[in-house]
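One chain, subunit A, appears in both complexes that follow, with subunit B as partner in the first and subunit C in the second.
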Partner chain A sequence: MKKSRVLAALLTASMSVTLLAGCGGNSGESGESSDGVESIVFATPLVKTVDMERIEKALNEILEPKINVHVDIEGISMANYNNQIGLMQSGGEQLDVMGYIGTYSSWLSKNQMLAMNEYLDEYGADAKEVIGEEFLKSTTKDGSVYALPSLNGKAASMTIVIRQDLIDELSLPVDQLKQASSFEEYCENLDLITEMYAQIHEAHPELACIVPYSSNTLMFTDTMPFADRMNDDYGVLMPDDYETVANVYETEEFETLVGYAYDWNQNGYVLEDATTTQETGNTYLMNGRAASFFIKGEEGQEEQIETATGVDVSAIKILDPFITTTDVNSMGFAISATSEHPEAAMKFLNEMYTNPDVVNLLDWGIEGEDYQVMGDGTVDFPEGVDAQTTQYGLNMDYFFGNQFIAYIWGEGRDTTLMQRLEENNKTAQFSPAMGFSYDNSSVSNEIAAVSNVGAEYLPGLRCGTLNPDTEIDKFNEALYSAGLQNIIDEKQSQYDEWRAEQ
Partner chain B sequence: MSNVLGRGEKIFQVIIHIILLLLAVCAIAPIWILVTGSITSEQELILDGYSFFPKSLSLDAYIYLFRKASDILRAYGITLFITIVGTAGSLIITPMLAYPLSRKDFSGKTVIAFLVFFTMLFNGGIVPSYIMWTQIFHLKNTIWSLILPSLLMNGFNVILMKNYFAQNIPVEIIEACKIDGAGEFRIFFKMILPLSLPIMATVGLFVGIAYWNDWTNGLYYVTDTELFSLQNLLNRILQDVQFLSSSSEISAAGGSMEMPSVGIRMAISVVGILPIMVLYPFFQKYFVKGIAIGAVKG
Partner chain C sequence: MSKVKTAAPRKAGKFRRQWPLWVMIIPGMLYLLINNYGPMIGLFIAFKKIDYSKGIWGSDWVGLDNFEYLFKTDAAFTMTRNTILYNLVFIVLGTILGVAVGIMLSELRKKIEVKFFQTVILLPYLLSWVICAYIGYAFLSKETGLINNFLEMLGMSAVDWYNDPGKWPFILTFVHLWKGIGYSSIIYMASIIGIDTSLYESAMVDGARKWQQIRYITLPLLKPTVIMLTIMSIGRMFYSDFGLFYQMPMNSGAVFSTTQTIDTYVYRALMQQSDIAMSSAAGFYQSIVGFILVLTANAVVRKLSPENAMF
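Up next, the complex of A and B:
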């Protein structure tokens, strides 16, 4: 009896003490401290679970003396990121800078981001300059800038990745593939690839000639050449008429592309579980299952894939790049609508776009511990550390601010890569709708319904398991009965309005 | 019971056994695949998929986990701690609420019983809970955020215990104790609790498993990697893998990512369920008894 009573008393006591301690500990955390250093909270999505405390400490050693800002990094698992941000904002927690990947338009329609114009002009002039007018348009709505897009190679275009040993063995005519500047040239490329697949299939029937790189699509089927997807593919701008929003799934071009997928599937070139697999193309490549896959990629991707898989490949762009709003604003950084320290937040963002020390720290970790600078100007693991044992290894250099001022990872890699990426960004063709981002809140029910229809038909069509002759009509019928026309009309009216303002 | 079964009865027995065997196979097969998946070589998994009897065995996944032992062990420790403290706490406060509710001579009974019932049907939802735990109690990134929210006390367990007390503890015993001069506390600790071992074991098992398997609290309230529990860690790894493999933004931006292989994901799951599987048989005898007794009549 005594024991239980003592235990109960102890537990009660310990709980109340912790509660009180919790109250005391947290209250002094945020805001301005006595020496004028402002504390801000920086939430960032992370691709894997990493202890950010070391990075935070090193980051503040740079930032506090320079701009008087102390940053608390909240690293949040990417899969749960959007929920967590919603909770933090509605829960009244301090949140100032928030990175994002793919959530720009949903944050915009829910007013989760602060219009940052005045702070950008005053404290972020340098960042504004390196990002440039054209890219900043993608995160501007009605004259207000809501986010800074991450600077990286935006001129990604359809690329085929083929195993080098197969090219050599079968002397595949890969040098005949060219960057297509029209749909017809794109189809010529695909015809050529069909012939190559026939060769590969004959010589190596055990290989899947083509596997999906991700998301259960063969990729080439869902990137319509020179069309602007307008955020979600439901209602797009086709190259023959950039003024009218159209249903891409009704076009001849779509039928042609999924026709290729269907033929390939019929001939046994496609991986059997293409529509359901959870693995990426890299995994299949690494384990000797895949001969090739398509990605939407930029220069440097070849080396990335070779490093990740240890397989020698050739990556060949088969389409000219075409940059749309979504390509640019797909990832970046915003200031929370709930932030009480927008000036400090902007000062920090400015550093992230202009200060190589800050960018390298976030990209690669701490020099000497997580990376070291090699003789050729690249960075790589220091001695005794490898991909398995590294404490950091996020490899999110495409994300944190300005990739062009960061080191390139991997000894022996071409250090002119960044200049080429930057050059491509400038020379690539831009969509006429560049800067238009649409607010889908008024048709959110239709979007949900239409997405369900898409989830039912698209994997099958895009991987070639469904016969386009019969299924495309059914698909379109289902789309229209789910309300696709409303979405298209809404997009069209917002687009007309936007164009009138330009 | 007589050993001689009628013909019809025999056939019935055979059929029932076959059905039960099939059901048992359905339950065991996924676990078997999980275990064999974790010891199959990665190449075979990708080329041929999962199989019940893998051709090439490999312990790579476990070796990888062993190299990451500090993370995994810490997560194990956190899970163990919250399970023990949480279950103990729950077993102390749940009967303290359930017992008064079982007493006919307790005047506020209906109101409190209604409140307990109410929580079984309705709750405030995640945002208000989040605001309460983080803004009022400041539990974010503390070990208590894994113990207190939603798991510590549960309306269902209270009702289960209340029913057990009401039906298995005769009022006469309580009266006899009173006549002997025992106070309420003494009656509760000396008489009621020792008589209630089956229901304590049952509720303890429920709560223990709930704590062991919980990852939602960790998901909402913990961003500090040092406080990740085992299930939370596992869940994050799996979700990140899923997110990455479906994110076109990242691949377009030139990011590629080394993901834990299928085998490693399987191995982490095995490590996660192992202790429960080992402990379960020891609790089972109490488990069946307690739930059967507690569940009779509302």
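Up next, the complex of A and C:
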């Protein structure tokens, strides 16, 4: 009896001890080690869970001798990423370099990033050079640079992807589609596509002529040609007047675009589940349900979709690219506002934009284990490894620093791709508001409200299930009652201020 | 245990005998403090404009600004109405059905029957909402849904479930009950089993039939449990099951008028901004209202039947 009581006490005691121990924990090893190597923490969003320790080891073998920096990679799954960063910063954990996808303006408004000008000039001159003045504008606010945008093909344009066998069978006039340079030309393309859909529908009523590529939109309905979305579509610059912030949902152009979607839906061309499906266009293509879909893409889309689905397709650009601030700053790398090692952080970033070894390591993994260089200069899986068994396979080459200095994945692919992407970046038309990014913190209540209105109406309008004749008015009414005008006014005043400084 | 009763009831002696029990409370208390009371300190975030360069403590105070988006628009009315009405329906129907199923289960005599029905009824409770949503989708989808295929087979026209707000109060109530009934019926069944069987025996001797036994013995003795569970659910009246209202309708915008609740509104509002101050404000608002509702409900119960009040 006594023994068991003592035992029970011991057990409870040990339990409470472990409980307490759980609360302490790793505040992270930081700072300078004896041999002068500075340790920094690099947080990055990852599209899947992979073992980053191998990569970290190989990375430090390059970095330590070269720039005296030791990098701890903190790979965080995309879904938790933003929360984790907030927790690390507010919890006093060490955090120096942080990659981001889509959170630039939200980080900017909460002061989560460090202004990096002095470090960029001193330790990141090479990176600054390769990124270039124009792109760097997109991450500059009031003269301070807050992030380095990822370098990849920015000149994405609206593209229609159609099954090759249908083109051949029905001899669809796809060669009449051209890259439109005005809204009228764009509509001519859409008229032509309407005719093609009629043909497809007649010959193959079992096919959905068009499916959403992702997130419940037919794509062409939410990209206004040559308009600057100004971060979130609530208040945009329309091509007829790049000085005035306008409500895109009140424009005739928007009505025309969703009108196409509605007509297509009425005629049975659109996938019936378009507004609720969680599958991507690729899945529908693979299981033989989809005839086509729209994407916003760059060179090389055809090959990517064919590899992913095993279906022969044609990808035809139907609109000239138009690069805006958000296209450029949508992903990139920043230094944490809480960082105590900004110099070392910048030295590392500089490597990520200029050192192919570093970029290839982050993009494709370790040579010989995760990839091998093929005879034609591309890289592919080594013997005995494939997409299922690979230990790495992140395929985030669009993200890590400078894609143009990395290998191209996939044996047999066109190795001039990178040159073409780089060329397009230079020749594409830029928005006159390039470099303007707006701080939404003073209208966050309004944004909360209009986001909900958007979630209510936009999927239906964009997929053509809602009748634009009646629903657009209701939508606009709801937007204004949610405070859209305040957002537009705020954007306008920030934009005017920004223009005055240019 | 009988030994304990006969031992001398001196206070010091009592503690000497009971200290292991006190020690055993410690982990639970710590857990409660760390997990349930500790985070309450964080409520102050609801009144700040978060600026990470100044740190959370150093950020500026903004008063009630963060609460504004919850009350500002027409949506505020819709989401509050939906949250409250759905909860009322769930509380009433959930209690009635839960008690009914609990009684039925407790009337089963064969052990294997009890196990079988319990498992079958409880199974949906264990499924994640995403899976439930896809089960629903398999029935309701316009392309491939079972119901629509069936309707078309009968020569009727397909129903566009995910675009018709009028249908969702029924679908959501049905799904909520289907998923939750197993769990609540088990709680009621547990208290029914605790009822002294001699009561039923004497009732049978007096010639009471099954229905009369339920009416005059089971239900009155279940009353305290029912009241306690109801007061607790009233406290959560301003919360809604996010999975039910967000996943089940597949986030379809066209049915917001009957599926938008406070939780889904907050989620959609902050998806882009991910502002922790604004989300704390929403949580703060919900818990304050919940707190008031619990106090009120309890006060009402205390007035009507004091012995059943929780505190």
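Just so it is clear, the second predicted complex is superposed on the first by the 474 of 502 C-alpha atoms of A that agree within 3 Å, B and C clash if a C-alpha of one lies under 4 Å from a C-alpha of the other, contacts with A are read in each partner's own complex, and residues count from 1 in each chain.
Criterion: a residue touches a chain if its C-beta (ideal position, glycine included) is under 8 Å from a C-beta of that chain, and two chains touch if they have at least 3 such contacts.
Predicted model only: the values in this text are computed from it and were never measured.
Partners subunit B and subunit C clash in the overlay (superposition on subunit A). Touch criterion met: A:276 reaches subunit C, while subunit B stays clear of it. Shared-chain residue A:492: touches no atom of subunit B or subunit C. Contact with subunit C, but none with subunit B, is seen for A:478 once the two complexes are overlaid on the shared chain.
Shared-chain residue A:181: touches no atom of subunit B or subunit C. Of the two partner chains, neither subunit B nor subunit C is touched by A:68.
Of the two partner chains placed by superposition, A:467 touches none, neither subunit B nor subunit C.
Of the two partner chains, subunit C is the only one that A:337 touches; subunit B does not reach it. More residues of subunit A lie in touch with B than with the remaining chain of the pair subunit B and subunit C. When the two structures are aligned on the shared chain, A:111 is found in touch with subunit C, with no touch to subunit B. In the overlay built on the shared chain, the residue A:194 is in contact with neither subunit B nor subunit C. Of the residues of subunit A, those at positions 5, 8, 15, 19, 23, 90, 278 touch subunit B in one of the two structures and subunit C in the other. Here subunit A touches subunit B in the complex through residues 1, 4-5, 7-8, 11, 15, 18-19, 22-23, 25-26, 47-52, 74-80, 84, 87, 90-93, 101-102, 150, 152-153, 156, 213-215, 278-280, 282-284, 287-289, 295-298, 300-301, 304-305, 307-308, 327, 330-331, 387-389, 393, 395-399, going by the rule given at the top. Interface residues of subunit A facing subunit C in the complex, by the touch rule stated above, are 5, 8-9, 12-13, 15-16, 19-20, 23, 82-83, 86, 89-90, 103, 106, 110-112, 232, 271-273, 275-276, 278, 337-338, 440-441, 444-449, 451-453, 455-460, 465-466, 478, 481-483.
For subunit C in complex with subunit A, the touching residues are 20, 23-24, 26-27, 30-31, 34, 49-56, 65, 68-69, 72-75, 137, 141-144, 162-163, 250-254, 256, 260, 265, 268-276, 278. Residue ranges on subunit B touching subunit A, taken from their complex, read 42-43, 46-47, 64, 67, 88-89, 92, 126-127, 130-131, 134-135, 137-140, 142, 144, 148, 185-186, 189-190, 193, 219-220, 223, 225-226, 228, 233, 236-237, 239-259, 261-262.
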